[in-house]
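Note that the chains take the letters A, B and C in the order they are written out, and that residue 1 is the start of every chain.
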């Protein structure tokens, strides 16, 4: 079955895909339109209660919180995509160095990975912020390093396993160079693992952006960002406590979405699971169908045909997920 | 065992060395003129010269690094470029907030993750189990700062039970007040970290549930649940120990954020302020100390795990 | 006074893995349950103890000295397990708790059901270790399972199963995972001990040669159905079922070639 379809049958994966699609969509739309100008201040309309015109109300300077959140999704998408790219490239580079090169380089890389794993991403970001001053680039670079190391640690054994496989040895014998093997055999084989990791990595990137922007080392002052909004609203938590609900809930749902998308992609692409509908079920042929799985199966028939059909091209994850199914087949072909 | 301890100690030293070099280089190589960064663009040439002199920036990098490390080994973490006060004393003072906070957070996290994780495994496939693991999944996605704000709203603003910020000036001389001001921050980290750990405990428990020796214990005359609790849980506990090292890293990140949210005078808040002041010597030592804590606890956890697991312990025959 | 299994049926969701299996054992009697892997022998034993894997459902009747066991709550079955019916499992590598010393495991059923004091448990453990022929029993009791050989671990399992003096003993291929030479010794120990204890035995195996040494009566299972039920002597001389003939042929071959039997025919899974 097409993995994208499988993903949409997976309730958690479907939820994740929808969240990510909505996020990307709102970031794109906010480039040309938001309900109100997110940076326009008007003291006459400060702390308005939620209404149709201002669904989440307004803040202390009269800005529309909903528009701020919609506009803030741009920063979120930028940081998520930037971090995923950076972490993916750095991770694969480290993993390849740790798998393909001479022994002493490999050992050195292994130690480096072990040490870097101990550096929490936030500390890397603080270190870079001390040197460069805070910026979104610092956030992206910090997550790229912090999560890239994680990717390297997960993919390095996979790469080594692929390299030791018979068909790769055969390819080597027939004179295909390291780069060729990397491109033709290694990358297609670790792509499923990589995509799952990147989805989880984006969740971490979003949390990191929120945290660092909160501390004042992320998004610049004039750029709408969820973390920054949270810290601004916190100042008035004694006056308008409930206004912090909105940005916080939006961050939580988005992070949850990326996490669940990662879970869904893992279940869909992991060939060791017989029928991975939901991690709740026992992965065995004799497992009873869980109520959640049954619910997912019924809800997808309507959802699959309508919404996600036009949403998918927008989501970079979903389109990449489509290529996963090719992996085993191409592998058979090249063997 | 001795051999294992030696290798592990050697790896720890190697790790600390690599970490210190990375931290040092990140702060010296990246920004261009270090003195300019510290003093700001409008600094006078005299001020710049003074900073260069005090940091020894004219000397080659290996010498600067050597001096820093040499000082570290003597317990001297250098002086603040901005205020001139010694860093070590200040870190020690702030640690009296951060370490209890981290410890309390971990205890709360374990108290949540342990029982509920096991319960989630026992109730797998049923509504309660689904609610527990789903709830944990959602909670683990909550930004720590937001979790803190929500707790403040409920416990400080509405119920008025606990202080929303600050730490008693008298510190631990009034343990009750000190503990009270750490309770909400620790709860914040504990709940979010606990949710992440719950998922781990759940899958560890599920793994143990399928083990033959748990079935043997049931066949000996225990209920299925009783067999899991008495024979399975020690194995679960063992796997929790093995991930505590990773948890510590998450915990420290949590303290940095939460100390700022609750204005607690700890290492995390100091670090954030020093990054803002571009106090590079302080930042460099603080980050090394925090990284060292993660690395040392990671090593300790490895050793403890070894000691607890009879399969890895070498017994004299 | 007997353990009666009647029309036992075990389902996994829509799949039925054991159909209408019936047999009876009295104390002192020795029944062999023989069949290929996947024939439902082990599940039948687990059903008697109420320890079927999650998702499996048993129906029919299992009566212990007149009491129905099927459908009883786990708490009540726990009082029977180890005390009146005990079981020895197949895999000695995983059947013992890796984190507990042998001393705390070898007398576990006796301790759970006998309300022994700490000192009594210790004495009983030593007694049991000697009984099953463990070398240097006092020393071995202080060890952890991974420090014992497979044969020694299986001796521990047998001792534990017999520790509370169960009236019925289920043994699920207790020697299959062992080396051939060890297999024979353990089988001898097992045979003697069960004879002395006077327990009714249900011995599960796929090997007719092993069965012939241990059991008096044989029930042959194929795909979860009883295809033959006869005295072992009859089965050895004139098997009625197709599977019975195949098992006999296989047993004859192993007599010359002491290697694990490999089968051509695949079973239902």
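FYI, a contact is a pair of C-beta atoms (placed from the backbone, for glycine too) under 8 Å apart; a residue touches a chain by one contact, two chains touch by 3 or more.
In this text the structure is predicted, and so the values were computed from the model without any measurement.
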- Query: Most contacts: which chain pair?
  - Reply: A-B
- Message: So, comparing C-alpha centroids, which chain is the farthest one from chain B?
- Response: C
- Message: On a C-alpha centroid basis, what's the spacing between chain A and chain C, in Å?
- Response: 51
- Task: Averaged over CA atoms, how far is the centre of chain A from the centre of chain B? Could you give it in whole Å?
- Result: 24
- Query: How many Å are there between the centre of chain B and the centre of chain C, using C-alpha atoms for each centre?
  - Reply: 50
- So chain A residues touching two or more other chains come to 282, 288
- Query: So in the complex, which bits of chain A are touching chain B?
  - Reply: 111-112, 114-116, 118-123, 126-132, 134, 203, 207, 210-211, 214-217, 227, 230-231, 234, 237-238, 241-242, 244, 247-248, 251-253, 255-256, 259-260, 280-282, 288, 290-292
- Query: Along chain C, where are the residues that touch chain B in the complex?
  - Reply: 49, 51, 74-75, 78-79, 81-83, 86-87, 89, 91, 94-100, 108-109, 112-113, 143-144, 146-147, 157, 160, 164
- chain A contact footprint on chain B (complex, rising order): 11, 14-15, 18-19, 22-23, 26-27, 30-31, 37, 124-125, 127, 129-130, 133, 137-138, 140-146, 149-150, 152-153, 157, 249-250, 252-253, 256-257, 260-261, 271-272, 274-276, 278, 280, 283, 287, 290-291, 294-295, 298
- Query: If you look only at chain B, which of its residues touch chain C in the complex?
  - Reply: 211-213, 215-226, 231, 234-235, 238, 309-311, 315, 317
